[in-house]
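Look at the two complexes coming up: subunit A is in both, with subunit B in one and subunit C in the other.
Our next item is the complex of A and B:
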């Protein structure tokens, strides 16, 4: 016989729970419970990422056009063949490579320099950090929009500043309108907007180097120059590489800023792959063809990123 | 050659005075140990000599020349930091080679390798040379950090509690090794520690710092036997010196407020009767914890003693040290 007074709270709870449910919950293994917890996210991942990916791969072998109601035929690798032999697509690839290379080059150069300057302890460096970081917080559409004004040949501030320093007539050139200048116009705006991002990550890297390491180097008779190359750079490199990875992936799929700024023009000199892809898919409605295009881009980014991450890990292990 | 002289050194950090009017002469080739509680200014003294801090007043000379305007690199000192300060992205070998690869020195690579192997052998890290500096235990890191100082032959070594993170056996080994290296190199060595055994066994001179002031400077035995104040007396000796009211025993001089009795300076079998509260057998010695008129006293006795807690024993002071109310030594 059980005495009611000797009952613990846990016993009470067990009694209050209907026996079938209690048994069922108790019967679940840890593994099953773990699955219950991760199942919603896995379902979402499958529905939003994995399924569309597989469906895109599937469509890439067809002549499907989403705006037409006709029989879909499987045409094998013909879409891929057409893309890889299309000289226009190679031109957009080149435009993208140009954009990627120079944005990352300038952003790393300026971003690291700024981080290095901010990291030297001086009064008001927090304020400077906030000011420098501002462009990053704006919407790309807004940035694109107001830079079109800055680049305006007659009233634009950019042309005026260039003219002030070089003496060139401000209305004699148009950053957005000229074939030779337009690729640089998007490089400048992206650099203006995203250099702070590289700076922030580099700053985190530089701040992670403790002062006593520099003190030890100082006593070990390393010059400032040698300290920079043997301590600062190697210890901040993993951070810098991570920042480059983020920017690289982001800029490979750059869309909003450039559409707002140049719309891919003049002609198609600033038509980056993502803009080109959008045109194929949702203006020309060549769905199957665009799917193959997307798969190629995905494989390119994925492949490059994997190689890069391997290199990054090697640097970290060093 | 590398006599280090500090004259009237004062160093303030904001409102805190880390060192106030410290004057100290470290003779050439001496092994000087700086003792003192946390915050006494020991590390600051080393950092000032290394050139990592600038004094607010006073002068520092090394080898007869003022070094105040010189950078740490120009002072030719090697320093072992308390927190290892290894270069985490380099291997042990590269850490040891770092000071030698200085463009000023232009040491040939085969000479660097030779030096590194020699030092690694002494510090028992030869098998770890290709490890990354972060893949070491705390003791190994500290040995690498000592090694980084030893590969150079500077005129002055500064060491900030280099053995504090090592285990007892390694500490004993390295104590002997450091002493041997010191006599072999003939360099001047300034050493900060909390550990009184390190101070007593290695030092040719001990400096006791207290609240940013140099309380006493001299050979370790003199500091032990002839402390100028109660604070200094409490720095050396284990178990610590017994500080008791001067009137507990007869014979105190006029003005004495405190009598200082080292544990070994208490005669047993005569004088006043004290209660034994605890007996600690440590193997080579036995400590007696006594209570006399409510005051705790620790003394030493024969390792094979039969005394037990609860018994009584008569004690009398021998070689007592007397201090006045402010802790200054009287006699």
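Our next item is the complex of A and C:
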């Protein structure tokens, strides 16, 4: 006698279906049924992700322009050669690297500090947490729009705050209009908006550290400083690294906030790769060239992310 | 063959004229003052034809993106499109616009009835050939306006005389414009700090190119040594062009409001209407609205054509109206164009605030006095110059936007280097296009 619990999922399914279908399903293996259920998702994935990727790679070797009715020619690696030898492209790469490095640096620094402070039990703890996470609930387009007003040299609050603390004339500088300040203006806004995200992840990490570890350290008379460096940081590190990965990928493809704030200017100093790519693909309509550009960016992000995830796994294993 | 197509066009227009079927037509254009005037004007067409007019107006910064995407995807949103002058090459070569020659011939619409500069710029492709893809719809050029009340204030006039030795007046040259703008920069008037001029510096679409070319053309900038040759060396980067670019940078650096780094039409209008600046550049299309403005219009404002330097020149704006090739309602759309081309409709168009390009309006003896800016408009249209109208115009424009903004606003390199790099960019584009 067979126990009902020993029935395979296929048998259960077959018993619940009308006889003819059941007979057919009984003839299938578990693996085949699994494939039947997974196939629509795989098909969708292939259609939406994999096929466009392969098609993009194919286009990257052509001179195709989506706005022209002319014959498409295969031009080999010419698009790749052009991109990799174009000094303007390297400048946008530099602008992206600057943005990426400093936003992550400040967000980790401030986000972890805030998480550490919030993790200490005090009155109004929940209220402060809610207030701190408010910026990340806003739309990037809205944030970009109101920060352009805050940065306005004549009426902007930001300039007046800087003026209050430094005595500098508020209309004497323009955060989004000056070459030396504009890259920092986008770093400030992104940090303001996304530090709470890092804070929340770090907070989860800090709260996952059992109290008894600190109690044991207290018994061993370890100083607070030593506890911080030998318990808090190592145990929160996987969470912190995960947060950095998320923000790194997000900021590499940053578009909306920066377009709203500076439009890539002044000149091209805040023209990140995503903005530059959009211009090539959908304003200049150099589809083949833009495809090659997208492939280069994809390989860069994929490569860096893979290396990073390996490092993250090693940290988690420790 | 020619007779066959003529017959086809005649049959087509006859069917349209019979008004056999009332259609819902959609006209696409930019969202700005003249568009509102066109809505008002089109009510007459609706009453006469039985067709219903719908309008799709897109703000200028997104207009090109939105409409060119629509055309490139073969979209049927627009039956009629008032597209920018630079789109004519792409519209014709990529098959987006219906060629109108047979229709014009069948309906007796003559391009000789329109101002030659507008026909050349808005209708023909290849340039200057009698191949028409649009009817001149809205004549326009970049002009200037200023605070007449400040220019005629005795105290300010005396201060200007003392500071410069000259009389304060409408600028007669680009250098005089700069001198006046610098005089007003940071000046206290009625207890507020004012600035010299609002100019175009926008990076994203076409702003800084449209503004800077206003100076460049007057100094002697040319796109090619010989029209149609694509020979740019010595024309684009001539000593005169370099001087013109340096001039525009000086105007930007020494005579514009603080933070004026990404400004186009709207920002310029705001700067003037809020009393920030003494002068501003903008398209003539906005002038009726500016004159009617209760705060800074009326007797507080006056207008002048872009001042010459080495030669008279103005940057061309304006558009022609085309029938979109993907429309299923081309008959009704052609009917609209036929109606719009009539002299009495063109006269109403001007009266409502649109800039007619029809000779019957422009050559009317009363035209120069019909509005405070009408005479300047005529002057401007005599010497207009337009950007490349090639099918690859967007690529050419974005290259110029980048090089100009890099030099003027972001202080990258010299004017000579900016124009040299521009030639490199344009050469690459024309090579890709197979024209070099």
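Keep this in mind: the second predicted complex is superposed on the first by the 299 of 318 C-alpha atoms of A that agree within 3 Å, B and C clash if a C-alpha of one lies under 4 Å from a C-alpha of the other, contacts with A are read in each partner's own complex, and residues count from 1 in each chain.
Convention: a residue touches a chain if its C-beta (ideal position, glycine included) is under 8 Å from a C-beta of that chain, and two chains touch if they have at least 3 such contacts.
Just so we're clear, the structure is a prediction, and the values are computed from it rather than from any experiment.
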| item | value |
| --- | --- |
| Fit or clash - subunit C, subunit B, common subunit A | fit |
| Which superposed partner A:216 touches (first subunit B, second subunit C, both, neither) | first |
| First (subunit B), second (subunit C), both or neither touched by A:42 | neither |
| First, second, both or neither for A:142, with subunit B first and subunit C second | neither |
| Once both complexes are placed on the shared chain, angle at subunit A toward subunit B and subunit C, C-alpha, multiple of 10 degrees | 160 |
| Which of subunit B and subunit C A:161 touches, first, second, both or neither | neither |
| First (subunit B), second (subunit C), both or neither touched by A:234 | first |
| Partner with the higher number of touched subunit A residues, subunit C or subunit B | C |
| First (subunit B), second (subunit C), both or neither touched by A:299 | neither |
| Contacts of A:226 with subunit B and subunit C, given as first, second, both or neither | first |
| Minimum C-alpha spacing, chains overlaid - subunit B and subunit C, in Å | 51 |
| Subunit A-touching residues of subunit C, taken from the complex the two chains share | 65, 68-69, 72, 90, 94-95, 203-204, 257-262, 391, 394-395, 398, 402, 405-407, 409-412, 432 |
| Complex contact set, residues of subunit B against subunit A | 50-52, 71-73, 77-79, 81, 83, 85-89, 98-99, 102-105, 132, 148, 152 |
| Partner subunit C, residues of subunit A touching it in the complex | 63, 66-69, 88, 152-154, 171-172, 174, 176-179, 259, 262-269, 279, 282-286 |
| Subunit A residues within the subunit B interface of the complex | 212-213, 215-223, 226, 230-231, 234-235, 318 |
